[in-house]
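The following block contains the structure, expressed as structure tokens.
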């Protein structure tokens, strides 16, 4: 039954591009692709739900290619990520159904509707594949389609460079993933075989597999220093696509890592965990610190994806450490935290990107310095954006907090371990997470405050209007999800527990997880009552002008800008930014009364310069050196042949 | 006697084309001959699969391997004929460069290649491989420009020298066979040699010597680094259909000869020596070609180097051996042929529209020539082994072989090289397709024939990428059974 | 063993010397036509050897091959090359990158090298060491000519010498291969020379010179 | 019964908070040789403010008026975490220290937003500075609490308190010493007292908290003031409960509770005195010295955590 539904879902999704191309000329059917896609996604949600909550599992054999079989199967883990994909993309598609026609016309609109379903499809392939071949198939396609979606949005030297970096890094990462899969040979047929054979592998081989998977999936997930592509590729995509990429695509990498590290290899030595913790901590801190210094909204959000991936890795790392120390229960807690944070981040990050899309839709800019006062002009967008901000900051009553809290609890539990290093490292990691949380709070106070509160800083912001209803509806759905999970985490925690028990033998979600579900609703109720009460007893309210020390002429330029807001933090963490500043005053001889004054500050710590440049330069240099061997002189060519012959004859004597 | 048909038809076609003067008639005659030849090949392949090994006289022989290569030859050749019918509208009239010369030489070329596939005798095979060089040299120099003449000369000389060594290798093998007790009359007969191979262990040194010379000789024709020097020039300067033929058929033809020798050698003295040699050649070609692709400026030279790279991959597949390696290698020759044909045809369009192949002068095809630009991107994705195209499968097969035989160095080299190639192609093609078109080029409407050809290519590639038809799989297995009687098939 | 046989055997044994001589002379030659003549002479020696060998083995095939080689390599090809040189009306020196004396020394060195090269194989390959050495020497000098002589025609000559070497090797080791094959090989050679001649003319027409080392438009 | 007891504790905290403030102010005045206002002054302030009307900037949105309520609400919830007289609290079993920290963060987050919503430069300035301080304070705050929690093998405040009560005063470990100092430093930053922030200044160069609330008036301001008072008291109570809980009632008898109340009063008095003395003897730090101040706290907190592992 579910199997049939699943096949139906696949077919329906694949049919959308065809429908789009057929109904291209037929103006009445503009909404058709969106509707069809949403319907199939709803089916997908049903299937995934059955798999995730009821634990149904099934397999679909697609085809046999040479010695590879192309098969999809859904177990709880797959079902969870399938649920994540479908349930997050449904609102996004609803949003797009109005966003895309508003911003794209003709061929570009059609291409979007062709590529979007294919992109979703490829991600579904990745999380449901049950053979290496199917997985890699989807994995490569995912990159290609996302790149295609980015390309649609326009063309410039810089964009091209960004897409180039994106594709190249993805390809290299994919190479590592292929390696990770093929190291299982000769048992790399399907996942079951790999799982079985993993126990027979030598430790060295297991480590090799883990490292390859770590690098390969880390590239996709965008952990520092493999994150180079992320802040380049995500911001330049159309907002709904950014939402899908940042919200969902990154999670497929987490899925891959969980598959390998937990499902196949079943954990390993504790340094695996420490590696993940290190990657997580560094990614989290640098991600959020870079985000604070941004004032282009979408770049800022992209860096926050790096940060949240870091938080997820903290959870995964803790889980690995616990497994290495045979603390299955706590491992389950940590893994649950990580997985839940995947879901949460998917929800609020896509909501944030959709919000960014709404802002650019209303004001045609994403530069925070141009915004302000949007809350009064776009009430619902502002409200849901606020919810998303609270969620990503990890404030109680919003979903982000639940997963971070679980992570904290698992860190606390780390102190129970007998292994000294673990007992020191894990609790300290809590400090890192706390710092990340604090920085995120500062960053989003800035984002929401500067963009939505205060007075408008530009005419566009002044004259902004609320966006169309499908866009609002899409965002609203996601916001509701944020609050729902934030207040009633029990909804997902139970089944996630069951999932982790499948992955980690002898695990059971500890009682600690239940505490939150017990207290959060009451706190929520209390706050709600209080707010309602305050609103109820009508306080006399009088509108006045903002106080300007009694002087006239306070204008919006006097407000704190985003740059000004983040200045103290940037000053404290200046080591991270190494900003190089250029201040030019014209005329130079009048520093205090300049005709014009311009100031520019650029962050110079770039991993490109530190890590990637040398390698790339070396390769290109080698290429040019080789090029010189191809002197157009035929006599040299003949010499090469004779030389090759002689060399081989010697080789032959020597063999 | 069926075997005479595919040999006779091209000869007749060539003769007829040479005789008749009217260009329109020439094209029709060419297409007809092509259709006939296709039918003949079909019949041959079919009867091979009904009767196993076909022989005609002492010098003609066809088995599973032959049929596999004949299929790819037939397919590519048909595509090339259809494409050129639309492509060659303006031919520089001159000595040896007119429409009839073109088709006449093409059919001679076809004849020699079919002969290579059908010859039972290694000496005869050598004769026809040499003949392919002679037949195609004039085609390479077809445009009679400075570049064309230079390329033609280099092609002729370098390949002839190389092939001469192959002859020496053949002689050495013959000697070994004779010393091994095979009657001098049939000592170059592949079937006999294959049967007698296990008994040739005595001539161990000699067989090694033979294979070294053959590897260098036919390797020159396959385009192994460092004997590849002729290849970029020839591919870049020849008319696009001919480039396609060279890259997609001729290289396979030489590879086929190498496969035959490799089979005998490995059967006689074990796979150790010959496969190591192939791995070395393959690895070097792969590495060097992939690096050189970064710094190319001419589109067709770029494609030529990619051919070298893919021949390297094929060599690696063969060198890894085993069921997976060989299967992957054979499949890869087929996939590569189609994808490369596709790309060379696209390049032909680019040249026609922009009047140049210098990549830095080509910009903004997405706007000015959407179809060609799209084809370029598709081709790039296919040739870099992206799903859902066939090369993804074959490359993954070869990688699988590498990993399962614990040739980790080769595997890493391959993964790295493929990434470099991906980067290079992406870098070049992106700048050609994207960006602002500098001067909007003249856009004669694309021929219907072009769409047909391209459609067929994409279809084949995608089909092979998602599901290999049973019939084709059977052909592949037949081919492998010929080369590795022992190994069980995947 | 009759008188003829012994004569043939002695001829064979000593013929190597003739070949080495031709090699050295070709290396020393300044004019293309001289080289062609020497090549013709060289082929003649080889023909003699074939005749001798086939006399020793009483094989009719051998004589057929000898006749063919005589017509093609001794007569036809050199004549064709002469014609081309005449037709080209271009400077006729070989324009070598090494001086004649250097060339001779190099050629001598190659001959010695070839002796060392074949020593380990004499056992395996069988056949007369001198002849084998001569064969290898021809191959090496052929290559040397192609690498060092800049004139297009000289590359053809070098190729022909190289081909002679391989042919000789075949003769020295296996007393000739099946007739059909030999015929095919020689036919290929003929066609090859024809085509190369064609290209030589084209080069002259397009570049107004015959210096292949200057054909360097295509590189990288 | 216990439930009622817990409710009483919370009420005490909430209602006595302004008094604590008043006392501190009075003490400081005395130390500085001023007469100072009555200790009941904060109550009358709140009363007055509640009756006034709310002045809202024309440009402000609903966030401006929501912020004080959320701040107040979260502070109340936090108040329900801390045992005062008896070793349990209203949200005892589930009153988790992470939740406590993040509830405070929630309130602060909204206060920052409200400040920015005012649309003046002061609000942004205050919010930005508050962001700096709170960001750097969060990690040591959490780590300090965690080190104690590790010792007590439980995450809930009440649980920790019960455990500590059970301990002997004299095996008071280095961990506690470190954690206490760290938490005390953090508390100063959290509640915005000298030397991190000066609750009495209105000089734009130095003010943080005051700059944020500059735009508020009437009931909103009342809520904010009350909330900050509660926060101060709660943090003090927290310090007492976590580190010197001895004297808390172990049984719910009137006598025990009376003693507990008395002891608590003494402890509070002591703490208040220390605070007053310090505030009138130490000068406020330059803002860019605050990170160093909190850096010390962080270092101590980290040491505390490490010691928990080392001293098992």
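Going in written order, the chains are labelled A, B, C and D, and every chain counts its residues from 1.
Simple rule for what comes next: contacts are C-beta pairs under 8 Å (C-beta built on N, C-alpha and C of every residue); 3 or more make two chains touch, one makes a residue touch a chain.
Values in this document were obtained by computation on a predicted structure and should not be read as measured data.
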Contact network partition after chain A is left out of the picture: B, C | D
{"item": "Pair joined by the larger number of C-beta contacts - A-D, A-C", "value": "A-D"}
{"item": "Most distant chain from chain A by Cα centroid", "value": "C"}
{"item": "Centroid spacing, where centroids are CA-atom means, of chain B and chain D in whole angstrom", "value": "79"}
{"item": "Centroid distance [mean C-alpha coordinates] between chain D and chain A, Å", "value": "36"}
{"item": "Computed distance of Cα centres, chain C from chain A, in Å", "value": "71"}
{"item": "Distance from the mean Cα position of chain D to that of chain C, given in whole angstrom", "value": "102"}
{"item": "Residues of chain A engaged with two or more neighbouring chains", "value": "627, 630, 632, 634, 638"}
{"item": "Numbers and ranges of chain D residues touching at least 2 other chains", "value": "none"}
{"item": "Sites on chain C at which at least two other chains make contact", "value": "143, 146, 155, 212, 215, 217-218, 220"}
{"item": "Pairwise chain contacts under the document criterion", "value": "A-B, A-C, A-D, B-C"}
{"item": "Contacting residues of chain C [partner chain B, same complex]", "value": "121, 124-126, 139, 143, 146, 152, 155, 159, 162-163, 166, 169-170, 173-174, 177-178, 180-181, 184-185, 187-188, 191-192, 195-196, 198-199, 202-203, 206-207, 212, 215, 217-218, 220"}
{"item": "In the complex with chain A, residue positions of chain D that touch it", "value": "53-66, 69-70, 72-74, 76-77, 91, 93-96, 98-99, 101-103, 105-106, 108-109, 112-113, 116-121, 123-125, 127-129, 131-132, 134-143, 146-147, 149-150, 153, 155, 214-215, 218-219, 287-288, 291, 298, 301-302, 305-306, 308-310, 312"}
{"item": "Complex contact set, residues of chain B against chain C", "value": "59, 96, 121, 123-124, 126-127, 130-131, 134, 137-138, 141, 144-147, 149-154, 156-157, 160-161, 164-165, 167-168, 171-172, 174-175, 178-179, 184-185, 188, 203, 205-206, 209, 232-233, 236-237, 292, 295-297, 301"}
{"item": "Chain B-touching residues of chain A, taken from the complex the two chains share", "value": "63-68, 70, 133, 136-137, 140-141, 144, 151, 155, 157, 160, 163-164, 167-168, 171-172, 175, 178-179, 182-183, 185-186, 188, 619-620, 622-624, 626-627, 630, 632, 634, 637-638, 640-641, 643-645, 648-649, 652, 655"}
{"item": "In the complex, chain A residues that touch chain D", "value": "373, 375-376, 382, 386, 390, 393-397, 401, 405, 408-409, 411-412, 415-416, 420, 423-424, 427-428, 430-432, 434-435, 437-439, 441-442, 445-446, 448-450, 452-455, 512, 515-516, 518-519, 522-523, 526-527, 530-531, 534, 539-548, 554, 556, 558-560, 564-569, 571-572"}
